[in-house]
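As structure tokens, here come the structures.
Both of the next two complexes hold chain A, though its partner changes from chain B to chain C.
Then we have the complex of A and B:
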């Protein structure tokens, strides 16, 4: 029989070590995959335009009918407008020789035929994803109709692009002035000066062939610091928009939303759960308790997708009916509804653990309170709750950790809009409460399915996983620590 | 078997048990105990472990109610209250009948609040009046000098003996008429024990004290009357002097001379 005991012991060893290792390896895998977030693929983009000297206007289309820019791209069609996609782009070598008409303006066949009422001004946008760095040549000239002595080169970041977040040195410089034009060379740091304008002497291309003699500007991107810090700055920014042309991976709105809905849920859940536990452990008849406690634990094990569905079908519409007008609720799917259902998820867990905690409060304490002639309310409020305080706090934190990582309920009920909650005024707070939102776990779940393998986005989702893991572990450890302080000396 | 000639001729009976039996499920802890107790006297309950002393005490203020399977037969009267009657006010009962347990059970609050909680709850005292009651109770329990500067500290920081005196002060602050003490000195050093014994004698001037003890000397020193229990039965009951000098029953003699239990 002894060998059986040995075998059992060996089995316990092997299983324990294997399971612990697997858990560790899983976390290691998640953390390792997060490295793709720090990939050096960054998109960047600027808009350039030549504007009439007297235009105080911005760079919106149609604002500068008399000037144009022609791109010359070493790589091909990158950076050309949609109009231009049908037209093969010229190569660098062709700048000085024959070249095709490539701007929107030149959809008109002859440069002399260009008329103000047609779209012939071009807004030039460089949108690039770059790893090693990149450069563009941009050709600028005015059409014969242009009468003024000077023209203006204007630039600004493409909408949605924040130069300060990119890990590149971005420079705009004058490569070549047209023959016979005297102009001061410039070399502008686009991160310091993301938008601006420079006045240049006007240069008019009188014929088709002459265009190629115009101004040549260059936009250049060179990696100048590690993508790591830029990514980190991006992570702690306030926008999560991974599918934009210039993706934003700011986790703050998600983290804050998750934290907010968890805190709110626990605010709802704690008093109810503690009251339930007090009732079960101190007031209910033993016979009733025998029924209620398992029932409570059964509810705690209801799959959260069921709770989410219930919330969607019943809680969301009734909250909408009930508070929709008062709070300006546009939809029943919002932060408040989510928190309510998260509270429903948490209550049985917290109540059940709290009830166990109350059981550990020695009977002698209750007897002392009773012998003193305290009322039951006094006994519960002044004796039992303080005695079980740290245990109850631990119970609440255990519930909070569960709620923090909850995916389905949030996915179903949050509404799914990732936006930075603003809590600066009471009005803002109520708007956040009834507003559509989105948390960390549901974002992972939603986006995991359609993200390119090992892309930057993919890495960020794993990074979110790491954050979530860290947060729940932290909460659980705190619970453990507080719970351990629950030693009742008598 | 039971000594029925109760020696309470000139006493006023304040607590009385008549034909009292207590059961915990199948176990019978007390068997038809009939025991009157004199007002403003110290009555000691002695007997071997498990003989039902605590059960008797706890039947008087209904502290047994929460124990699963607890059942009681017979009649109890305490301060003209029938604790098991249908219209009993438990709060009132426990205000008038205080109790000290074997193990100190400080409540999870400050020293001050431990003493104040009862007076606050029963008499609605506050501010200066409450301070006075707390101080007086602590002085009576011989604890004031040790804690007067640390009243706001958690009571759990006190030593075991100090905690026990705190529990006595807590009981005194409610100003009970009958005091039940279940081996109050078993966790105390000789000095504290002596103080508590003094206190019992002092208290018995205007209160009734019922004390369970395993210490024969203590019973002989402080009590006016002594009751000896064995196997749930009351074996002998009498004035302490005679009880210890010339016990009537063989079992009593065996027990107090240490030959038994």
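Then we have the complex of A and C:
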């Protein structure tokens, strides 16, 4: 029968190595998909408009009737309808009788290509890369009814776009002044001066064909900072808003929220779980324990989606009834409720492991304590808990790792708002506590379903997975390290 | 014996896949349930034709259409000109067929005395500029906003067409389903949410708010008549795209979808039929 033993040994070897490798390969694949986060195109957009010289200072290009949006998007997004259509530039004849100043856009590779019949407004909400070498030219002209001597070129970033975060050098310049108009050429760094206005001599297009002879402005984006560093900087920023026209992929609010709710959950869970374990291990009658321990382990196996809906139907409304007024709780879906339910998830796990740890404390320690005349309470508090200290810490960390990666409870209960928690004052703390929040795992679950394959957003979701994986592995390794330490000596 | 079974199974699958005609429908997640229900019902009408439905989002469906890998593209937005051009350059002519109408209702708690809102007010509520009901003529009560999470096509539609691409307000709560929005608004006195009308109709704890398209215009409730007449401002068509005029099995399927039987299913799922049934 010796060969059977050898075979078993070989089997253990092979299985062990295979499983370890599979885990590593899994991590490798998750990490590899994260490479799509490092795209090389970054969305940007500016609005340009010509305004009458006598317009007030608070009239912005966005509110002007004829404004041109120059925008470059990495991915066209879903559901753009009316706002998406290409609008031809207004022709002189169509606005006869109306006093009007207008800008019109055209996309050409050469300035001599500008044609009056191919002028548009809002042309470029489409897939374009900045490296293509196209010029984004904007024509400016007034219609015959315009009487004033000057007009004002105003510009501003498109709403939601923050030029300071862009890795491009963004420049607005005058490429060509109309024939016979004397004007100083300008060259404006749009990152230093994201919005502003410049007064120019008025120029009027008398006919449609003449429109192409007007002012030609250019907005140019040239790669400036390396795409890799720009992406990295974006990742460690404080806003997560991937569905915007100008998406933000800051993971800090998500990571902080997940950490916050896990820590809070473990603060709730640890005392309860340790007390439960002490009761089971030291105080409960053996008959009762025979029932209670399996029951506890059974609760640990309740699917978390069930816990989540229990929290939604029962815990959220009750918390709102008890504490809603006192804490200014707007809705039961908040950080506090989530943490409470995560604690419910963690308690059976921590209690069960702690109970096992307490079993390993040698009987001799208990007997010595009794022999010294300690009460049971003193024995538990002064002998048993210190002796099992490292094991209990490990149990708590195992629970924490489980809670950190929990998806369903957080998805159902957190409220889903990704925002950077501010903890500067006591009032802020309570607002964060009862505020809507969003963690890392639920973000992956929510957004993976609606993300374009191998897009930048897709890459960032995998990157979140890498962070989550790293964090849970770290917590687990710490648990392992602490758990090995033996506190007592016999 | 086991092997025998396997052979039989494989043979059945082979026979089934040869004899059954397959129509592929790909695209919008908003339309996923609608497409699946249509596919199920159609398999009862015509068992010999299988309709394979996949989601992924309108953009993904349109890309599949451009690349010629799907028979029908389901989209909750019209194709852009650039996409039509790209499809044409690859030999596909986009033929647009509206198959249903979708109207999104704005819903508040039944205890809220607010009578109506304008589109601009709705926008400012959801981007966080208006935070108390007394700013829109209601009681002094903080506004608690609920939205679908970004998993949903409705979210994108609302963000682009109602919020005009602005970011959501800081306090907006994102929930996993429209039924959850109904539940939360029902138990939050200051709550407001949006979603398909069907989710909010005939619920005593909820109130659908009529919306004025512009300031100074009469508010319009999102009932069947107003949505179909496009008087109500938050509506959209749901589209099918085919390559040229549909032929054969695809034409039969689309004709059935547009027939009263198919349109009735659209109403059951919570959308509006193109014409009154």
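Quick note on the criterion: the second predicted complex is superposed on the first by the 364 of 490 C-alpha atoms of A that agree within 3 Å, B and C clash if a C-alpha of one lies under 4 Å from a C-alpha of the other, contacts with A are read in each partner's own complex, and residues count from 1 in each chain.
Here is the rule we use: a contact is a pair of C-beta atoms (placed from the backbone, for glycine too) under 8 Å apart; a residue touches a chain by one contact, two chains touch by 3 or more.
All of these numbers come straight from a predicted model, not from anything done at the bench.
*Asks:* After lining up the shared chain so the two structures overlap, which partner does A:375 touch, if you call chain B first and chain C second: first, second, both or neither?
*Replies:* Touch partner of A:375: chain B, not chain C.
*Asks:* Using the touch criterion from the header, give the chain among chain B and chain C with more contacted residues in chain A.
*Replies:* Of chain B and chain C, the partner in contact with more residues of chain A is C.
*Asks:* Contact-wise, after the overlay, does A:244 reach chain B, chain C, both or neither (first, second, both, neither)?
*Replies:* second
*Asks:* Identify the partner contact of A:365: answer first if only chain B is touched, second if only chain C is, both if each is, neither if none is.
*Replies:* first
*Asks:* Does chain B (first) or chain C (second) touch A:286, or do both, or does neither?
*Replies:* The first partner, chain B, only.
*Asks:* One more residue to check, A:159. First (chain B), second (chain C), both or neither?
*Replies:* A:159: touches chain C, not chain B.
*Asks:* Given the touch rule stated above, what does A:438 touch, chain B (first), chain C (second), both, or neither?
*Replies:* second
*Asks:* Contact-wise, after the overlay, does A:330 reach chain B, chain C, both or neither (first, second, both, neither)?
*Replies:* Touch partner of A:330: chain C, not chain B.
*Asks:* Does any part of chain A touch chain B in one structure and chain C in the other, and if so which residues?
*Replies:* Shared contact residues on chain A (touching chain B in one complex, chain C in the other): none at all.
*Asks:* For a test of understanding, state which residues of chain B touch chain A in their complex under the given definition.
*Replies:* That would be residues 61, 63, 66, 68, 90-95, 98-99, 101, 103-105, 107-109, 117-118, 121-122, 156, 167, 170-171, 174 of chain B.
*Asks:* State the interface residues of chain A toward chain C in the complex, per the touch definition above.
*Replies:* The touching residues are 75-86, 126-127, 159-160, 241-245, 317, 330-333, 411-412, 415-417, 419, 435-436, 438, 446-447, 449-450, 452-453.
*Asks:* Give the list of chain A residues in touch with chain B in this complex.
*Replies:* Residues 286, 362-375, 378, 382-383, 386-387, 389, 489-490.
*Asks:* Which residues of chain C touch chain A in the complex?
*Replies:* Answer in residue numbers: 29, 57-60, 76-78, 80-83, 142, 144, 149-153, 155-157, 159-161, 164-168, 170-176, 184, 187-188, 190-191, 236.
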